[in-house]
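The structure follows.
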């Protein structure tokens, strides 16, 4: 089974998730700067989620670039990832509108945790299909970043009830870790082309 | 006529349907767990519809993988399928917001029935174009699952007025039947490649 | 300039237009059949617009299948067509919610007229680029259907103020004319492949 | 890394942005012409933003047509551009609903400025990857238009507090400058193909 439609479908879903998040910005009733004031937390949560979705798209892009073919199990592992990502507009909107209240911040972390776990499952399904000696398996390696992210989310989510800003700082930390481009996959891909 | 744009267009429509269903989750006004409580039935109906849409995308993917080309009749049979799928966000939202009341649960079943019937018509149009001896026809076979689904929907829909949970259990049953990957098409495709 | 991205972008826009039209179906507050009653005109207008968008996607598909390449002028002629199509959710929603009042029905016709005119301009831009002797020009031919549609819209729009149902019947007539597959383009394409 | 998925993802996001802008047109409650009257400023701002998004898609299309491959830095420069474009539905809606009040008009200019700057950064990232002697670098040239646009936005934004129509006239001026097709890139592309 070719991977083209899986990529196209995932691109479509991620593109729509990113874009409908902006629908949470309700056009304010006033027409001066103070009308924007109440939108600041919504904007901050939007920026964070936009970056997170960008990271997922980027990693998904790299991952499937390294893949050669897909099977039914991979299709469903991918659908599972898209499910948790599809809840991002909701958890982002709730976090922003509640001005970063404990429960919404914790739920945001839970969704990130489940999406991260789904991504982990997807990599496992891909490695199982391509073999442990494949370039894909080499490219993914031990996936320190992915597992570190899950640990940080696990710590950050309960922290939301102690200090919401600390929890958010940890979410931002994960984003920063991933924003640094992953040299392993690019290196392996480059090596393969030689 | 090549099938590329038909696949791309269907991917787009299904991706958007899946994603705008999440817009039915209105961000709650409260900021604690009780605010989420009223969203539970909306979430449950969302999960069911997400899985159903995933199954349709998956089957559509398999079906068109086996197809070689399309004609005007196939384009319209596909459009007909997309029409009933496009009503999924509405019937899902109504079922969730009414907390699984009889009429919304029945209407949900009617939409599933019509989408299933449209899928059946699409397979017929594809087989008519490729011939009864084609790999596609072999891959579809007698389509027991598809016809079984239609029968279950026919039974489940009136049952919604007797016991909504029984009707929903039957919808879930159809999903489970399809979630098991279809070995026939994959087998035929693999055989063809040899 | 290759036509691939123009097709992909148009597919995306048309897929989204079709799908967001369904957002006009607001989930009703009641949970029985009477709650659906007020949605009937919205549904009827949705069906009509879905068919119209399907026709546009189908014709667009055929047209660009016959095209070999595009230029800046064609890109903008296509964007112009997408502009009028992008207003379809609005005019459809207004027509449905006003229960087919004269002004909304007339505005619907105006939008169809302008979209039809934009399609005509797009065919002219494509023929100008490919030459009068090209397969594309032969495939489009004298475009009787396209010009007939424009004439019907021109008649139907003012008729909306006399009898809205007559105007709507004429819109449906245009849809029926187009639903019959266009043998000319398919014939020319088939001839070329030989 | 191939550019295909970057193009597809950008197409998706831009297509959705263009299409959800139309959701700002709330279906009016009345059913005659006066009901449309209050939508005129929303329509005008929609037309302007549609043209702007069309220009971005067009330029993006040309730019990536000239590109051969992408890297992580280019992916993020592209994501950065999509971020500012994703705010277009919001700033467009606010400008329209406030009937072109000073703050919304200024914010619209700020978003255009930041999107224009992000496009500039994207061209730099592409040139850095392809080399100063590449066809891409030659195609982009000194990018007078891009830099001129940034200067006009810088002038127009504060002008919104003096005279909103003057600011809007300058935004329209930028659109007109770009609507004239860019002969340099097309010329270089044509030359390369020879």
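In this document, chain identifiers A, B, C and D correspond to the written order of the chains, with residue numbering beginning at 1 in each.
We take it that a contact is a pair of C-beta atoms (placed from the backbone, for glycine too) under 8 Å apart; a residue touches a chain by one contact, two chains touch by 3 or more.
All of these numbers come straight from a predicted model, not from anything done at the bench.
Asker: Using CA atoms for the superposition, what rotation angle relates chain B to chain C, in steps of 5 degrees?
Answerer: Between chain B and chain C the superposing rotation measures out at 90 degrees.
Asker: Interface overlap for chain C and chain D, more than half of numbers shared or less than half: same or different?
Answerer: Here the answer is different, because the shared fraction of interface numbers falls below one half.
Asker: Approximately how many whole Å separate the CA-defined centres of chain A and chain B?
Answerer: Here chain A and chain B have centroids separated by 26 Å.
Asker: Per the centroid of Cα atoms for each chain, what is the distance between chain A and chain C, given in Å?
Answerer: Chain A and chain C have C-alpha centres separated by 37 Å.
Asker: Residue numbers in chain C touching 2 or more other chains?
Answerer: Answer for chain C, listing residues that touch two or more other chains: 8, 12, 16, 20, 23.
Asker: Residue numbers of chain A touching chain D in their complex, please.
Answerer: Going through chain A, the ones touching chain D are 7-8, 11-12, 14-16, 18-20, 22-23, 25, 27-28, 31-33, 35-36, 47, 50, 54, 57-58, 61, 65, 179, 181, 186, 189.
Asker: Could you please specify the touching residues of chain C with respect to chain D in the complex?
Answerer: Answer in residue numbers: 1-2, 5-6, 8-9, 12-13, 16-17, 20, 23-24, 71-73, 75-76, 79, 82-83, 86-87, 89-90, 93-94, 97-98, 101-104, 107.
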